[in-house]
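Sending over a structure as structure tokens; questions will come in a sec.
Chain nomenclature is as follows: A, B, C and D, assigned in order of appearance, with residue numbering initiated at 1 for each chain independently.
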Amino acid sequence: MMKTLNLSGIFPPLPTAFDRNENLCAEKIQFNIKCLSHYDLSGYLILGSNGEQVMLSEAEKAETVAAAREAAGAGKILLAGTGGQSTRETIRLTKSAASEGADAVLVINPAYYKGQMTQQALVSHYSDVADASPVPVVVYNMPACTGMDMSAQTIIEMSKHPNIIGLKESGGNLVKMGEVLHGSKEGFQVLAGGAGFLLPALATGAAGGILALANIAPAHCIDIYRSFRNGDMDRARRMQLSAIALNGAVTSKWGVPALKAAMDHLGLYGGPVRRPLLPAGDEIMRALTELLNDEAVNIYTINE
Amino acid sequence: MMKTLNLSGIFPPLPTAFDRNENLCAEKIQFNIKCLSHYDLSGYLILGSNGEQVMLSEAEKAETVAAAREAAGAGKILLAGTGGQSTRETIRLTKSAASEGADAVLVINPAYYKGQMTQQALVSHYSDVADASPVPVVVYNMPACTGMDMSAQTIIEMSKHPNIIGLKESGGNLVKMGEVLHGSKEGFQVLAGGAGFLLPALATGAAGGILALANIAPAHCIDIYRSFRNGDMDRARRMQLSAIALNGAVTSKWGVPALKAAMDHLGLYGGPVRRPLLPAGDEIMRALTELLNDEAVNIYTINE
Amino acid sequence: MMKTLNLSGIFPPLPTAFDRNENLCAEKIQFNIKCLSHYDLSGYLILGSNGEQVMLSEAEKAETVAAAREAAGAGKILLAGTGGQSTRETIRLTKSAASEGADAVLVINPAYYKGQMTQQALVSHYSDVADASPVPVVVYNMPACTGMDMSAQTIIEMSKHPNIIGLKESGGNLVKMGEVLHGSKEGFQVLAGGAGFLLPALATGAAGGILALANIAPAHCIDIYRSFRNGDMDRARRMQLSAIALNGAVTSKWGVPALKAAMDHLGLYGGPVRRPLLPAGDEIMRALTELLNDEAVNIYTINE
Amino acid sequence: MMKTLNLSGIFPPLPTAFDRNENLCAEKIQFNIKCLSHYDLSGYLILGSNGEQVMLSEAEKAETVAAAREAAGAGKILLAGTGGQSTRETIRLTKSAASEGADAVLVINPAYYKGQMTQQALVSHYSDVADASPVPVVVYNMPACTGMDMSAQTIIEMSKHPNIIGLKESGGNLVKMGEVLHGSKEGFQVLAGGAGFLLPALATGAAGGILALANIAPAHCIDIYRSFRNGDMDRARRMQLSAIALNGAVTSKWGVPALKAAMDHLGLYGGPVRRPLLPAGDEIMRALTELLNDEAVNIYTINE
């Protein structure tokens, strides 16, 4: 029988740390994991979109998984992004991540040949990967990066595979999320891919979220989650609404460079991005600092 | 001081009734209103997208408002769609609807000259209309029909006008809805424009919904709303998820022809659509009938 | 047997003239027609997108056609835009335009119910209109305004109707234009809907163009057309490339307000736009004036 | 002083050959090059979109360049695709391709972080790559695969770099192509990225094309090019229109699997695709065979 994994709660998608020469600094990822270990996070995602995974070599990816596993310890779930453009590369990355200690893999869909990515092609791809994977597979839908949006029906088909246990949905389409939750197998776990729609997703039946914002405001994200679980909808809604602007700044608006800049500002390690990404400029820094000083948002602090 | 209006709860956007020659049948609209009056609906929208308003002459629109007002009685709120492509036409329709008895007007944005519909142009338009309107104005954002999506910032600007009291948001972007609720004036009321995202919208702070589904499953929609208000999130979620397929069938998938066919099937008056809309064909009717027989959805029945 | 009409050459889509109170000034349209009559234009389009037709009442439309017919005289083809959202309105407008003197009608597709505008619905609509029309029908595809793009296959189906004689294609997709020219009936005439792709369209087999730019640079547009016809591809290409920037300014970039401002600047009558369109501001005027002073473009002058 | 390279004429973008286990078969690429060497092609592109480059390892890419160089001989230009998601990977691939014998590199833009791919980021990226490249750089814009479209202004900025000599434009927007040709430096060479708009592109000033169709109908593509250059516009147009359907079948419609199937059908080596691409099924094969039998298209034959 296939293993399953409880994905409830909040996961930060950790950025990958680089030095001034854009070289990998795995120990800085470990530093961030230790800083974030004081929060009641369910685990960590590495090598996701915030992890600049498309910029890393296979060797760098393996090193990142190993380092994160060491720092995370046994009590936290470690998810690793392993989606590539070919099925063979995805399987290779998946096996590598599992052998380095990932508890499950997050697999973004191939999207270069958009016109050929029919439901049949996508379901076959995920099925091949899930057959070969030693650990459970989570489907990753991220239209803002892939330029395509997998349909509810396609994801429902994928959910029939025993080793495909969930979905990270970053598109923010709540109707589709409802369709997936209604049509997929019992126990299929949907995670919100952005803090901007965490509460609507929870209301619809999501198990939790993998949230860039959880890198810099972990307690705030956990508070939305817990308030909802405890039935305190007013608090959940208030926390949700106050989080949207900062979340937008470090995701859709200014992306990974802003997330890393915010982490540096807070005493975590953000560090440089890999080109063609450019570091956050002065204007972004000013706007970002203002958002980080908003008292309605419960931001990470070193002494916390 | 400007009047306000409590828009909480559920409103069906009534279709406009035509006979076999596609001529207006205002008394059939009155018939539908009477059928639906047995439910705890907050009121009715006429001349919305489901009302085929773009197909009606100004005289037909006035006749529709007058007939609906008569049938609705004093206890129900009557909203009327009055948005046209020019500011002058919109003002003319708004004044007419108010004089025929509409309690508020729902104004879709002009969208033909998409490239010129800047924030400045849109805010000026709504401001001119709201200045001239004898009744409160509700902004209507409907990207699936207009081919454009008004931004949160634009709507927040509009909300500053004292006679603009709310938004019907049919795009289903919950992040944007959160931004609007966070940034607009105290008391600005957001209504979900589709049952597919009613519960996520309520969780985010929406006051209610204007829902095509409420024409054929009014009790079901009201149940989602009340369960949420009563804190019964499990029931609300279960009802929400079971409604998505039928709702999709009579909106995004097969549109007004399917909604009218479903109404005919249930003993309400659906009747013909105006061309270029085509009546629902046999295949759609079969799929629709199956959805209407789903026991998880609480469908309108004559004897209820 | 149905009439046909030779649509070769260049047509300006005339703006509709308004006074300071946004009221129709039909004699100013006549003034513009007289100014433009010194050029070898094939005729005029009225009530197109540049004619703000969505902002006009039916009575205003009839008055516009009559005035334009009077001014144009017998030697020029008069095309009138008559597409509405319903088939019945489109037929009514078509009959009115024909009775007021239009030689053919240009029918934009209904696009409010985008989800229901299947090939079947669109072909039925155009067929019904063409059956009822006393004059030939030209299909009008304008994705930037309608938010949808009719496919080559749909247009090829339409072209089978004996009273549908051509297409104004404003989307600028040359592959699709090639498919239409390859698949439609012998003699079906395709017109470029924008000067930005006039020469590529002619190379693919277009008969001519209906070009906003022809209002302010008629000789320049005619020169591209004639150079191509005469086999002087180098001149045609040089003229084509030099026209793109000014054309973009008065179409996709700043639209009808900029076109009217340019006409005022040149001694034609531009005049006000109807709201929600806003008049071209100072910044646009400066950029526009610079473009109008570019010596590579052969601009309208009063004394010409 | 930087080298330049004359990119006039027709280039096929060769598929990458795999065996039944999806392993690279470099000698089959050499076989195809030999088959195509009987035509007056200007050279070959390897590792483009038709070369499944996103599916290949760096070692496989180097092997492919070396093999193609050997087979192509000195008289043909060899272009190699070297764009990756990071600047460092792109530079590494570029240096490798140059050292294995590529005459120029074709660099697709990074597009994963679409929201951050501002003009500044893109121009910096291409500038860094062009600085480091031992051979000339051709910019590659391919919206159907990247999900984003680089603007004319961005490409014009890039064209200022002395080592950036041209653009392969696969988006088919002829207005934009005109803007690029008008605004870029003297001698900047634009190539059509698809046979569906070859003639319109040539009319606008393109130097030639890199055309999937040239793998299976090289003489036909060359004929369009030569007829245009010789001023025989009627023949050019006739050949252009007859090529669109087959070209669409092996590109936008059915993609690389159909291209490979067509090559197998004609006696060239197509062979398997890498998953998640799926082989062309029976229905596609039937439609494809019919298109290949169309006598209006001058198809590759073994004995030619």
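Definition applied: a contact is a pair of C-beta atoms (placed from the backbone, for glycine too) under 8 Å apart; a residue touches a chain by one contact, two chains touch by 3 or more.
All figures in this text were calculated on a predicted structure; none of them were measured in a lab.
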TODO: Quickly list, by label, the chains bordering both chain B and chain C.
DONE: none
- [ ] Would you pick out the chains that touch chain A and also touch chain B?
- [x] none
Open item on the list: By mean C-alpha position, what chain is farthest away from chain C?
Closed with: A
Open item on the list: Using mean CA coordinates as chain centres, what's the gap between chain A and chain D in Å?
Closed with: 35
Task: Separation of chain A from chain C, taking each centre as the mean of its C-alpha atoms, in whole Å - done: 50
Open item on the list: Can you list every residue of chain C that touches 2 or more other chains, as numbers and ranges?
Closed with: none
Open item on the list: Graph shape for the chains shown, where an edge means the two chains touch. Line, ring, star, complete, or other?
Closed with: ring
Open item on the list: How do the chains pair up in terms of touching? List each pair.
Closed with: A-B, A-D, B-C, C-D
- [ ] Would you tell me which residues of chain D are touching chain C in their complex?
- [x] 172-175, 178-179, 181-182, 194, 196-197, 199-205, 231, 233, 236-237, 240-242, 244-245, 248
TODO: Can you check the complex and tell me which residues of chain A touch chain D?
DONE: 22, 49, 54-55, 85-89, 110-118, 120-122, 124-125, 128, 144-148, 252-257, 274-278
